[in-house]
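Mind looking over this structure? Questions follow.
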């Protein structure tokens, strides 16, 4: 249809553009405000006259967080330790389990049960588990340790990893594995030497997904690690109970939680989208 | 030439030979099963067990006497529980509806492979990937009654903004809006995938038939992606019912009990007041509610898909 | 090097029987082809020998060892897959040395063996390349090299030439043949291409619908097929089949046409319904014989294939290039009664084949396949 763009077509394009711009604004403005506030000097938060942009930028809040002699660096380190360990363990355990599920010829009933199990794990209130888990950790004298949080995070994310990787392993070319079998490889060597090196994109997606979930996780971490092993998300929530909210510190700390994740998300967007839509669209 | 030891070299080979292929694969399952069993399944069972007893941790370090369904009965008569339940349901429903509406709108607006559109979709994704606690923090800052940027911006154009988080009714609304802000990107991503996977010949046939864009949308596109919409609705509804993180950092359930969601209330009962049994019972009520919702949705969705297949042929 | 013996081997996938009651002895050092159309069970049989599938009945022995329940990773067998199955993330050298590494051989030994195999297959320049950088023919050689390096007891090959283009295929066929003659290792070769089987094998095992039809040397299969299926499957262009009835006067009646009945045929009696088989090279065009009209003339360079119409029946004749026959020409078909094939119309079993005379009348196969 060769026509000169009609007035309504132009208006429509304009409206469309405006709508998208509005959506972007709503989505991103809060982040901007967060960053600006994290660079705002403390006294400006209480004064009514301060504008949207800080009068001058200050890094004092960040300095406070990363001060080695201070208190808050600990939280960053805890989060790093817990997220790294959880990601590694969840991907390893999950990949092994997914491979086993893909290769074991399970009776249909059993694989249906496992499928239902995953669904259940995705959808029940984690709070149901958090309380007894707290008691369990107390029983094992693991309260307030990194290990307690790591175990919790791994148990939460392994089902996702398995779900994500199962299809990949099932679709893995059988002849390559048959060749490896004839070369004398048992399941472990086949898995490590042949299958894993050739499924790195899927493993990367699983690792990214797990890292996100662990870094942002609040409930389990706050249930079992209120002090020593506390993570950043827990610490952030702790601000509200303090007298006189330190907006600057809170903004800075929130930024530390948010920025790595945001940057990571921008770079790995494809993996994230794939991880989320696996199974959802195929239905 | 006999070489019966083929494939059995080294300790690994010997081990694999002794245990056998199936044996080793079963071993692969063990770490995952152990971790999930230990940290999820056992606590689940334990929680169910506790809910039938009377136990307040602050009073006694060991579990108390058996009380049958007393804890469950108590939830039905507890006004705070009822209030939380009502708010949680409203919260989940309204927020999910908003997410679907805005999600679909944005998905349609940003459909396409041009760089700008892809970039927009990526940026729109940000609210979803950051920690929910951080979401709460950010919005607490923005919605703060006096110093918050939102009210200041409103004041600049002459509107006297309400106390978003201090007024009970506004607080309830604010939380719902914050949740919608956070999770709309989820709907965008999934709906975009669904929209792009639509067979183009159906859409072309529609335009040949003279259907305008709105009509195509309403009568063709929407029905075709209905199963996906339902899946998104199910995910978000259930997650909405379970909301905890943002309550923590925006209103701490307040003012008073106004913005208590069920999960938050259970958290307080269990880890603040140490009413372990009561909290356990309540959490199982919540769990069963989620199971029911999931079951209803899945059955409904399957019916719709079967209907789709039937009408298509 | 070892023999492979299959006794009573069967493989069922649920209700479907891929292989039934298979008894086959492959001799030490023999090159045996498993030939048949797709779905006939030849690949399943190969997989069972390899250990990639477990038989549902019967036993498999390699040499003296009963390997029926032994998993693939413990049999000492090398296999060349149809799709080559090269490890994409390893170089050619590492692909070839992989199995040896798993076996725990010393690195020096591995290198020596890889070098030797690479030389044998002209792969030495490609040792550092990766599979994705290689052409189809090169990949095929690497797959072969991987198997060679193993020095296994038995070689298995699953249609290794089917992914190559026609020219390369013929070339490689000859090279493979020479290679295996030199090596002398027992080899089991699966193919659906009868010319491959005929040219390369010491013996051929013909399969159809999960059952072994016949085992024998190529010429035996060609001249003394045991049933109609084998006769029709082996030989190109394929045999013409005509439905016939034995007349009282000792002839074969195909409609109006009369064909001579081979002397000394005891199995076919007057009144019997039989299927008559004629190989194109046995149907000559001459001065007298059965009248027919030439329908289609296919020129193949050194010879021609003429499709003739005799009394409503289509018969194929293969003649030298020199003859000039055009469409519509009337020709006369010369049939040598000794070169007829007779099969029971009901069971397809062979009643008479030229090969049954072969022991008393030795002859050579004239045409090149």
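Letters A, B and C name the chains as they come in the text, with residue numbers starting at 1 for each one.
As a convention for this text, a residue touches a chain if its C-beta (ideal position, glycine included) is under 8 Å from a C-beta of that chain, and two chains touch if they have at least 3 such contacts.
Just so you know, these numbers come straight off a predicted model, no measurement behind them.
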So the chain most remote from chain A by C-alpha centre is C
Please state which pair of chains has more C-beta contact pairs than any other pair.
A-B
Whole-Å distance, C-alpha centre of chain A to that of chain C, is 58
Distance from chain B to chain A - Cα centre to Cα centre, in angstrom:
14
Where chain B touches two or more other chains at once, by residue number:
6-7, 9, 13, 16-17, 21
Can you list the residues of chain C that touch 2 or more other chains?
71, 73-75, 102-103
Touching two or more other chains in chain A are residues 184-186, 189
Complex interface listing, chain C residues touching chain A
50-52, 71-75, 77-79, 81, 83, 85, 87-89, 98-99, 102-103
Chain A partner contacts - residues on chain B that touch it in the complex:
6-7, 9, 12-13, 16-17, 21-22, 24-26, 28-29, 31-33, 35-36, 38-40, 42-44, 46-47, 50, 57, 102, 105-106, 109-110, 120, 122-127, 129-134, 136-142, 146-147, 149, 152, 181, 185-186, 189-190, 193-194, 197, 227-228, 231-232, 235, 238, 241-242, 244-245, 248-249, 252, 262-263, 266-267, 270-271, 276, 279-280, 283-284, 286-287, 290-291, 294, 301, 305
In the complex formed with chain B, which residues of chain A make contact?
16, 19-20, 23-24, 26-28, 30-31, 33-34, 37, 45-46, 48, 50, 52, 89, 92-94, 96-97, 99-101, 103-104, 119-121, 123-136, 151-152, 154-156, 158-159, 162, 184-189, 191, 212, 215-219, 222-223, 232-234, 236-237, 239-241, 247, 250-251, 254, 257-258, 261-262, 265-266, 269, 272-273, 276-277, 280-281, 283
Listed in rising order, chain C residues that touch chain B in their complex are 1-2, 63-65, 71, 73-76, 102-104, 153
If we count contacts the way the header does, which residues on chain A are in touch with chain C in the complex?
173, 175-176, 178-186, 189, 194, 197-198
